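Both complexes below contain chain A, partnered by chain B and then by chain C.
And then the complex of A and B:
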């Protein structure tokens, strides 16, 4: 069903946007290669189920773990280099990972990989089951992120993002938390990749190329980096807009690029970030509303 | 054969140096990774293509291509980047990506998706050395000469002129430069005019080298120039030239001579990641201060 497929795409996009938000929004580390981890998860899960015969329920966390291992390595690398170097290095990782998927025989090379549909307790997964799984995962990740800003981990990450030197002088080791954020963010991206692979039934390297990373970052930025629910809003808007604007499909990229430019120029904090026009309206509506989330 | 590959590597490296120079200059002052510079690269090539079609004169095509792109750079700076200067670097980065996507699609809609010939007529002929299995293409000389000339002009401009002095002061510390009475707004504007002009030259030369312009021609330069400027230590013109030659050489030698399982365009990033592991500050960059 068309609506189900759209809903699944939104569910996947929300998970990706939230996971990127942990790294870029909460820990302040720019990343332009998130699709690489999404892809690592997808290929891990595909190989484990199709070639090694693992059940989906085991392959799902395994996909997250493999992605997280690479993510932690990137995190360890990130603490050595400057922010701008990191942004470019993440682009580089995206290109290298996609090139490996595309040229190494094990990953199906240019033919891609067929992925079996998951079976759980005799129940063969269709789109409905995938959708239920995505809802569960989204709720879990959302609860984690909602809890994050007030937890010790979130406070440490905020300190690292805003005043790294000050945080360090108070006994917070910024490097540990950056690596931690990379680990969690890429773990979620890897699991999302696993769900994507089993939903599609077929994956190829171009599904995880650089434009996908730009798309995910745009979602988080559009909604508001570092906000709890902004990335969700961004994911919904950017996943739905190609469907809604199908009648101008020839101008899609033009509109998309233009939107990004205008958004950054006039609402760089995102739709529901601090002092955005939506938030000001919202606070105006409930003059005693909670503005300082 | 090896000589051929080495010369080829130097030519490819020169193209990368020109391509990445615009973004290096922009980074030097603004501290932003300007991906839309790769859009200017395609725009320059297209404007030159259009004027070559209209007038038939390579000189007019070259001059208008560079001049109009430089004006475009001024406008981008004035209306997009200057107002974002005090925001987080992520903001300008994404704005630049958005502008790049916009420009690419704009070119596709205006000029059509197909590749067009950028034929500059009878350029220098190729020279062959059959005994050495060596062919020197005329366009190679054009590119090497243009690169050398432009880099020399840039060096003179930055090191031997008043605006260059202001440029270097602003690159070092914008606030202090402003306090010392330097008109930093003018330096920033000059910087973008120069940076986008360089991108246009690179786009036109690559268009001539491969005798084609197409809307997505900025795709590969968009990320490869980032690898080059990061490897060069970000914002250091000399480092960019060095890094461009390293990557150009690595690509031609590893890709064409040794053989490597990954495609040519991924090699730049493998080189980048390996070198950054060894020198986190880039080839000629200074150590991070904090």
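And then the complex of A and C:
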């Protein structure tokens, strides 16, 4: 069913945008290669189920873990370099990972990999089951992120993002929390990759190429980096718009690129960030309603 | 409490501090005065661990700390009020203070916050306001309050008067004096030599990375060279 497929794509995009938001929004670490971790998760899950015979229920967290291991390594590297360096490095990682998928025999090389449909307690997953799984994962990740700003982790990340040296001088080890954010963000991206692989039934390296990373970043930026629900809004808008407007799907990269430039110039806080035009409108409506009483 | 011996430090490839030796005894209030670019802020960052020591000794309560990370030094109760305040702008006053008490047991935070609010009642009124929406003076109070959450044994203060209205400058110096009288050891670097020497016990004069003069604050205030260079004749 067409609506189900669109809903699944939205569910995948929301998970990716939320996971990127943990790293780039909350920890303030620019990542332009998020699709690499999505891909690592997808390939891990595909290999574990198709070649090693693992059940999907185990392959799903394993995909997250493998992506997180690479993510933590990237995090350890990120604390040694400046932010602009990190942005470029993450682009490089995306290309390297895609190249490995494309040329290494184990990963199906240019032929890609067929992925079996998940079976859970004898139930073979169709799109409905995939959708239910995505709803559950989205709720779990959303609850985590909603709790984040008021948690100790969120507080440390806020300090590090705002004034790293000041935070360090007050006893917060910035490296510790940055690496942690990388670990969690890439774990979620890896699990999302697993769901994607089993939903599609077939994956190839181009599914996780650089443009996918740009798309995910665009979603988070559009909704509002560092906000709790902004990336969800961005994911919905950018996943639906190619379905609704033909030109968006024809000129996808142009739309993403233009959007990034415009948002950075006019609404760097995103659609629902502090003092964004949407929020001002909303507050305006509210106070006018009050004034009319 | 703090002993700096023949310390050299670089910022990138250029040397900023040359052969610095400074002593701060327990309970003392010491000021380092000097012009812009003399290396005052770098010295503070070196003590806090934000800029590495190239050579020389840095002892806190007799322990060499020059290889320790900033957060480990915070754990030894060295607190730092950075130049330009550097409050966490997106976070609320309450959250700024919570990070200030990061290395302390969480159950002790309410008592510490109360103490800070007793010193700066203004912060109590603004607990849930984002720090960046506050005035420069309020942000300076927050930067000091945040450092006091540690209940520091040594308080490092970098340019308390910068960019503040005179009335607020006076208030900030008053607070430092009270903290000193209550037993906190303070090391202040400051361009406003008159005010700094007015509240501290001893002083050092830093010029282009060298300590050129040291002595009792009252003696420095009367020194002809200091008067001409830093006190406006």
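Assume the second predicted complex is superposed on the first by the 270 of 293 C-alpha atoms of A that agree within 3 Å, B and C clash if a C-alpha of one lies under 4 Å from a C-alpha of the other, contacts with A are read in each partner's own complex, and residues count from 1 in each chain.
Operating definition for what follows: contacts are C-beta pairs under 8 Å (C-beta built on N, C-alpha and C of every residue); 3 or more make two chains touch, one makes a residue touch a chain.
Computed from a predicted structure; not experimentally measured.
Legend: residue contacts after superposition of the two complexes on their common chain; A:91 is shown touching chain B, with no touch to chain C. Touch criterion not met for A:243: it reaches neither chain B nor chain C.
In the overlay built on the shared chain, the residue A:210 is in contact with chain B alone; chain C does not reach it. Applying the stated contact rule after C-alpha superposition, one finds that A:165 touches each of chain B and chain C. Once the two structures are superposed, chain B and chain C can be ranked by residues of chain A touched, with B on top. Within chain A, the residues touched by chain B in the first complex and by chain C in the second are 165.
Chain A makes touch with chain C in their complex at residues 155-156, 158-159, 161-163, 165-173, 226. Residue ranges of chain A in contact with chain B, taken from their complex: 24, 30, 32, 77, 80-85, 87-89, 91-93, 95-96, 99-100, 102-104, 164-165, 210, 214, 217-218, 221, 225, 250-251, 253-254, 256-261, 263-265, 268. Contacts from chain C toward chain A in the complex involve residues 45, 48-50, 69-71, 73-75, 79-80, 82, 86-91, 95, 98-100, 102-103, 146-147, 149-150. Residue ranges on chain B touching chain A, taken from their complex, read 27, 31, 33, 80, 83-84, 87-95, 97-106, 109, 223, 226-227, 230, 234, 261-263, 265-266, 268-270, 272-273, 276-277, 280-282, 288, 290.
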